[in-house]
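The first chain written gets the first letter, and so on, giving A, B and C; residue counts start at 1 in each chain.
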């Protein structure tokens, strides 16, 4: 029958619309469901997972020593030429020449945080830091030297 | 007691004492104009922040919360931004029409404010064909949209304007028919008399099912008439980028934006007046004590409460439903709303003739 | 009657398209900046009023020559670039490349790594479908579902962030396994997600699927017959919505998919709503796979021992996987060196886009947007 079908159609439509409206009304009245994080305000409580890939850093110990041997494995592993290892030759007290890094240049602006350099490093000299607020006004600031000035290689790292 | 009518009378008495009648009239005109423009600005600010908060809460967000206390000054900041923005007129646009269109939108919205009773005895113009006037003037809105869409010299704008033309012209019908249902009950077109007829109860209760159906039809029709989702085909962000106001920027865009919100306010005010008793407090026939308590609430609060409830419902629609397609939109009007409201009007007429309503 | 300036109609981009501009027809540029194309897709649409006469996609706005770039990268390095193709199923892209390299090297991937890979793939698939669901509802004018979908997607992203170290371009797959072992919290977090998902899944039906407006916008719109789906090379949900069995996980099982219990979702209607339902049901199937695996991650290595410098033997290698959008094929030609001689990606988005013109002719602009939504186009995947 045409009329009953018509009425059924209208009724079904109204019912489906009210189901949706009930759902949105639920969220309108239940503010505890809000999931917004107020980012710059919650900086103090913000916890990033320990594996978060934010930036490559080179950890140093208290006596300003790092673990980098200057093997350039990271430079070779990097797909974008982000890392440039500049080596020099130190003269050890025994009079032997020893390869060491002069500078480990890291171009943050080129880095895609793929983590291949960290995988490649044989001596665990570099790791990912959990920083992510990298914006600066001057692009030159994004080119970083990872080893501290006057830093030395740790004893026993080959 | 403090009320709008009291303030208005005080001002009128003071003016008539100080000036001669001509000047009194002129100053009163100016005051009314300033009040209307002020109301526009305030309404725009309030409705924008309301829309943003409603949408945010529905969408499990916080919404604006940076500018001012709890973000309440956000729309003020937006206004400042829009005012200092450059109002571009594209080359190839019909310059006169392009610049006049937003003004027309505003003027129509202003004209519509005239017969609305904001509180007891507080009305700009209580003309005896109030409802007819509203339904006539509100159809002028489409002119500004068509002008904007045509003069922009942009195909997206043109499509939006054409959609809007078809849409507004169609939905006028069922909006008019549902208003007629109430007119049949009251037998009068004057706003003040329609409100007075609801002293014993609002029409949505007194008019049984026909009034309820008319109310729902009215809500759907005015949502479509004001181009709001799910009927926002004239703008249709994901289809026509911004529809008829694609090329507008700065204050010209702001005028369209404001006109949209003021129109929403106006149609909700009309709905509140016709179906929910305007400024008339909620009365239950024999409970004199209860009625007395209700009378203590100022009439302006009743009016604005009802209006903002309806505005909330329209916003609720917007943030729940997907958009219709243009042919479905017209189908809905011509195959569903129009037959339903015509039969409804017939039933209502029968009821009014037999005196079956309360 | 508005007459188009002559110079414009002469310059009609689709002049070689076989549909000539008749009286009252006009062309609009849909994109490259348009809210509904979700990227820099440029469609030149020939319209008669609101009715579409022809849709012509113009590509190349986000072409980054990923295939060429891969030729200069070693077999370890090139995997990360593929995250940038179909960024919503980055894991699955990486997986396909890792599989291709493993095929060349003939490395056996440890069982633990296989399970982790499949788990990550399925989580990625759910995340991708969540985003699609929200974005498609947004195309149809409903804004709220977008945010509701992001709530669930965000918890998947958190899982990814914890285990892989990134939220979108994880680069977790390496030839021979995965980069790290899973995080100690991984299993718990995934179970939490499953709970959240099950608690919220009915809202999807309430808000969108059951909605009468949505159904009217979807049903019977954008019809694609099974023959057309095959001849245009559609894959993934776009083909399965037309009843074409095309799930690579079932037809050419890789990793441990042949040991898992899940159904290939098939709908026969071939319209937009069928494609929509395929994706919705696929999410349920992914949940099923995750539930089977999450408590049964075998112990062992997460990475097979591989040489430091990978060299593929001379020859060509082809692998395919099922991404969230369809079949992704990776074709590597090796000359025996450390870098591929040539790489070709068969991306699902490109073939799925090609069917748009066929589907859209004769429908309205609003339908076009809905169709693009159900095809789930990711523009960087189309252009590469």
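Everything below uses one rule, namely that a contact is a pair of C-beta atoms (placed from the backbone, for glycine too) under 8 Å apart; a residue touches a chain by one contact, two chains touch by 3 or more.
Computed from a prediction, not measured in an experiment: that's the story for all the values here.
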Shared interface partners, meaning chains that touch subunit A and subunit C: B
A-B or B-C: which has the larger count of contacting C-beta pairs? B-C
Farthest from subunit C by Cα centre, which chain is it? Let me know. B
Between subunit A and subunit C, tell me the centre distance in angstrom, where each centre is the average of that chain's C-alpha atoms. 25
Distance from the mean Cα position of subunit B to that of subunit A, given in whole angstrom: 51
Rounded to the nearest Å, the gap separating the Cα centres of subunit B and subunit C is 44
If I count partner chains per residue in subunit A, which residues reach a count of at least 2? 17, 20, 23-24, 35
Going by the contact rule already set, what residues in subunit C reach two or more other chains? 144, 151, 207, 211, 213
For subunit B, residue numbers touching 2 or more other chains are 58-61, 319-321
Report the residues of subunit A in contact with subunit C in the complex, numbered from low to high. 12-13, 16-17, 19-20, 22-24, 35, 48-49, 51-53, 77-79, 112-116, 119, 128
In the complex, the residues of subunit C that touch subunit A are 73, 76-78, 80-81, 144, 151, 154, 161-166, 169, 171, 174, 179-180, 183, 203, 206-207, 210-213, 215
In their complex, what parts of subunit A are in touch with subunit B? 10, 17, 20-21, 23-25, 27-28, 31, 33-36, 38
Which of the residues in subunit B come into contact with subunit C in the complex? 55, 58-61, 155-156, 158-159, 163, 229-230, 232-233, 236-241, 319-328
Touching subunit B in the complex: which residues of subunit C? 2, 26, 28, 34-36, 50, 137-144, 146-148, 151, 207-208, 211, 213-214, 216-217, 364-367, 369
